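Order as written gives the chain letters A, B, C, D, E and F; numbering starts at 1 within each chain.
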Amino acid sequence: MNEHLIVRNVHRPSQETIDALAPLGAATVHEAIGRRGFLGPRIRPIQSGVRIAGSAITVSSHPGDNLMIHAAIEFCQPGDILVVSTTSASTNGMFGDLFASSLRSRGVRGVVIDAGVRDTQELREMNFPVWSQYVSCQGTVKASPGSVNVPIVLGEQRICPGDVICADDDGVVVVSRGEADRALEKSIARLAKEEVTRARLVAGELGVDFYGLRPKLAELGVRYVDSLGEVDESD
Amino acid sequence: MNEHLIVRNVHRPSQETIDALAPLGAATVHEAIGRRGFLGPRIRPIQSGVRIAGSAITVSSHPGDNLMIHAAIEFCQPGDILVVSTTSASTNGMFGDLFASSLRSRGVRGVVIDAGVRDTQELREMNFPVWSQYVSCQGTVKASPGSVNVPIVLGEQRICPGDVICADDDGVVVVSRGEADRALEKSIARLAKEEVTRARLVAGELGVDFYGLRPKLAELGVRYVDSLGEVDESD
Amino acid sequence: MNEHLIVRNVHRPSQETIDALAPLGAATVHEAIGRRGFLGPRIRPIQSGVRIAGSAITVSSHPGDNLMIHAAIEFCQPGDILVVSTTSASTNGMFGDLFASSLRSRGVRGVVIDAGVRDTQELREMNFPVWSQYVSCQGTVKASPGSVNVPIVLGEQRICPGDVICADDDGVVVVSRGEADRALEKSIARLAKEEVTRARLVAGELGVDFYGLRPKLAELGVRYVDSLGEVDESD
Amino acid sequence: MNEHLIVRNVHRPSQETIDALAPLGAATVHEAIGRRGFLGPRIRPIQSGVRIAGSAITVSSHPGDNLMIHAAIEFCQPGDILVVSTTSASTNGMFGDLFASSLRSRGVRGVVIDAGVRDTQELREMNFPVWSQYVSCQGTVKASPGSVNVPIVLGEQRICPGDVICADDDGVVVVSRGEADRALEKSIARLAKEEVTRARLVAGELGVDFYGLRPKLAELGVRYVDSLGEVDESD
Amino acid sequence: MNEHLIVRNVHRPSQETIDALAPLGAATVHEAIGRRGFLGPRIRPIQSGVRIAGSAITVSSHPGDNLMIHAAIEFCQPGDILVVSTTSASTNGMFGDLFASSLRSRGVRGVVIDAGVRDTQELREMNFPVWSQYVSCQGTVKASPGSVNVPIVLGEQRICPGDVICADDDGVVVVSRGEADRALEKSIARLAKEEVTRARLVAGELGVDFYGLRPKLAELGVRYVDSLGEVDESD
Amino acid sequence: MNEHLIVRNVHRPSQETIDALAPLGAATVHEAIGRRGFLGPRIRPIQSGVRIAGSAITVSSHPGDNLMIHAAIEFCQPGDILVVSTTSASTNGMFGDLFASSLRSRGVRGVVIDAGVRDTQELREMNFPVWSQYVSCQGTVKASPGSVNVPIVLGEQRICPGDVICADDDGVVVVSRGEADRALEKSIARLAKEEVTRARLVAGELGVDFYGLRPKLAELGVRYVDSLGEVDESD
């Protein structure tokens, strides 16, 4: 029941879909698929201004042990993003610039890890993007088994190999492989709609009006007053 | 007792006072008013090197719900800063670039929010400054009532509409409306005094001397020794 | 037993060793000395891209009180790094630009503090590097005794006066004074070895091969499969 | 602007109101006054099964310093609860059994403190209830000024001297002095209503029915299905 | 893609299997299924000494909103455990004694919730067990849609309706429905083996011997010495 | 430099001293030795009302790995307390009832661990006391080297083998071996003095008087007023 597996084959969405999702941004995609898939505010970028998408290669690892990251690399392809979770919380710097050199040579676009990263200055200099929970010098061992390309949970989200990872300064969002095409379609629609909204807002129109929120406020019993002084405290 | 109110009118300090406070910095103002008003280390800027001041428009919101932010916008004026607290902890990205577009069109200078913010890359690109507790893609609903321009508590500080908000890389400080003029006066005095102090420190004088701390150290029983070896362990 | 002491004399490693350690980076030094000495992921730089080393001047302080930092400054020399711990947790901004002016005039290279720092914008402008746990406007008093240049514990590491502090974007590592020369030697050896490794990785070789990890994976019972579908769930 | 004050006189609500609020419980009172006044989940009891109410004597203290608690005691009367906040975060054990002995001799009912408590075993043995954020051996100094019986903020709530504190296993709720009588009245009404609700629920009636939530669910677009299999994934 | 669903039918494991798993304890079951399924250290019991198992009814809820808990109750059956996750972090007291009255009348055995609980004294008095992340008075609204009996993620574990929940003082473990019988079998085998181990340990045998760890220690380079004094520091 | 060592011999203080320290309580001993040695508020007991002292057997372990705990047991003697730190943060349940059975058979009095513990119900039933940071089902591996009976740091305190550990409901305090006799002497003196203080406090005397704090308050500028109304806001 607790077998440790390395799965060789990953079904990936089309590269066109992934590449089209990349510039749309994590928040837009998250909204487009129904406010789902966000890995949470603890997973933060070590760089600023980078926006990528890629297909997930998943790793489930013992805390403070990078053996399974080594095992995962040979299954990475151009356009992939390596996603690493640990079986219990870890602050260790489980990923650094040597791993990045190896992944870059295989065309991998970035890393998401629910533990620590190190060599952050070098990683920024080589423009290899990472999203992690911690920055930490603390090294790891290569001693314990784990799995590659099995479904994992990271930041309260389930991630399967081949799912699309969208990451930028706002954090990381996962889109399941089967949803990728519709996510793209809906994201583009959402952006178009947002452009219209933005134009109206910039022109000075109020959201409370064009979203039609005034009846809602009234229905919820929110009362407009000129000043607190006019509120009868005995209400 | 639990009425939800939107208060239309806000008494603001003079714009001259606010504008004069802006470049002084949060730490200086905090010191000048007696080490009070700091919203705490959890409220952090999403940008670097921005220093602003403005009059507070306050929002009390249900967690994960931005209805009351929509309701607040029509009461914002040039020179204001929107300040949003939630009735219980929230990580949701309750503020983003559409709101910023709307606020900018009304001359609002920035936002302070005790929850999450998203579209951070876009917000930095449009130079709209935000101080928040989290960065999060996670969207919100528009479903629950709250209040606008009532006194709120954020980061263990009470903030009333019209109070002055001073924010920079060190965080956010609130100055009550009635204190604004004296805060400015005292901050300027403090800066002048600091310039003198700095000059003496740069010249190599020791703080322990010109602050007169040596008698204090002696009175507190702090003992100078050449090395730990000379300390009688049986003391 | 609870005497508060200020120790005047500090035995420092050779400046050549310290200067040679500086550019190697905290993670490399941490690895070279056996994955020890890291102050943990909570101690973070307020700047980006700075890499320094220096000899420790240690301060043990009451929370929210900077009296002992004042007392420590006269014992600082060019090439030192001031390291401040508190006897219980503190978020206060215990260090700011006036202290930095004073320390710079004495040739101090930076500060590590297990509490808060303020004036961060000014500190970055004057290129005075700080690693701290918090950024906070909150000022301090000068009321309680403490010690200077006694052994302290910060981030689960023991630091003695004269130990070498290596700090960069990855955090802070302490090397005991007696280990400094060997740490340098081993760090250089490690970097040389890493260069070889990097070249092979960039050339596409797999870590799982040249680290010889395949037998380990087999021994640990990790099984390679083409797809999850071929795994007999009744195993 | 930063004067430290000890205010001698406190206006308290009637003891009858306070005593009547005590057995109703923090959650009931919190609901009755409109879901306000809760000091948050970080303030926890050190004992189990105690439910009290009292009038607040407030203390604003420097972190790790109990001088102002000493100063506050002479203003405590039978039926009071001592409420202590610190000007920045503190884990120190600022309250212990000696203080409790002193407060008990004055009829004080308990303590709420946004820092640490110690002597917890002794406090439980003498049945003196405490709600705190931490348990900590760590002692304090008596070195820094603060205030007694001024408005304070604790757990994102404003507390004035004479406000009613209701505390039990669920945490601590503050009721402003002027609201105490209506809070009692509304709490009793709420309990009566809850009894009816409970009887219907115990009899097997569904909340979704007697709260009339089915139309709300329909309006929100929540759909009932027999199994996930019948959901068309292309929706 | 973001449809909110209430699924009526749940496939449950046999009640015999569930009841047999209950007394075995969360840690034993967790070990037996390969150290998987633990909801993490943040989910804690509000009571002590209770050990239960049940089949999961799952709820996905907006933070601070209990509408979907109301909707879930009619699908609960005797032997179930209600499991509630929120779409973003929430400290609100989303569950209390009225819900417990309702669930008890339907034979539900307990609740697991990744938010707050209130009425904890009453819940303990009525022996209704709850595992939660927070204790909080803070009430909720009934305003936002969610889902019932869909797969959820809680504490980095995926939970499907009908999965077995095992909970005690050590926390909560989920066993997937299809694994329940083998989990029981393996847990019993593990307990039998542990009894033998315990007898040998109580008799004074060393784990390092009968687990055969001495060769492992040697292989890892761990060296036995009589005292630190004999270690050549130049090693 | 990073050798992993198991040190066989430990110099312990006299059992009489240890046994005399046990009932005095962690807070008293902490005060008596100058407010030092507290392991911090994160290390909490899993039981209530237990007060012990013992000599430390120290373990430095890889996170999530209990190999070195196994290795440590043969060096434990009656009267010892096992103290376990990890080289980086770990939530894993690294200690449970099987270990406790083994330690009890050797006369060990309890365990302090900077990670998780499991089997807490069983441990309470067998009256084996544990202080830990987490409670967690999550099991460990036996794969990585570490050390036994070397100096460790736990909770910002340095602990050497043979140091005295004092633990109760207030947490854990370490007393260095060489200080044990004086710590006992000073603790007894402190308790005697506290008895006198308590008697005076119970009799109604004020701490502000017999500690002589009124001049201090005056010197610090704390001002007594009858009400806030008499404070001139222009001060």
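General observations
Simple rule for what comes next: a contact is a pair of C-beta atoms (placed from the backbone, for glycine too) under 8 Å apart; a residue touches a chain by one contact, two chains touch by 3 or more.
All of these numbers come straight from a predicted model, not from anything done at the bench.
The pair E-F is the one among E-F, A-F or C-D whose contacts match those of D-E for more than half of the residue pairs.
In the contact between chain D and chain F, the residue numbers used by both copies make up under half of all numbers at that interface.
Of the two chain pairs considered here, C-D and A-B, the higher C-beta contact count falls to A-B. Chain C has its Cα centroid 29 Å from the Cα centroid of chain A. Chain C and chain E have Cα centroids lying 38 Å from one another. Taken residue by residue, chain A touches two or more other chains at 1, 3, 35, 40, 87-89, 91, 136, 138, 144, whereas all remaining positions touch fewer. In the complex of the two chains, the chain A residues touching chain E come out as 1-3, 33-36, 40, 85, 87-89, 151, 153-154, 156-158, 179, 182-183, 186.
Per the touch definition, chain A reaches chain B in the complex via residues 25-27, 30-31, 35, 38, 40-41, 44, 48-49, 51, 168-171, 173, 194, 197-198, 201-204, 206-208, 211, 213, 216-217, 220-228, 231, 235. Those residues of chain E lying in contact with chain B across their complex are 62-65, 87-92, 136, 138, 141, 143-144. The touching residues of chain D, when paired with chain F in their complex, are 1, 3-9, 67-68, 70-71, 73-74, 91, 93, 96-99, 101-102, 104-106, 116, 118-122, 124, 134-139, 142, 144-147, 150.
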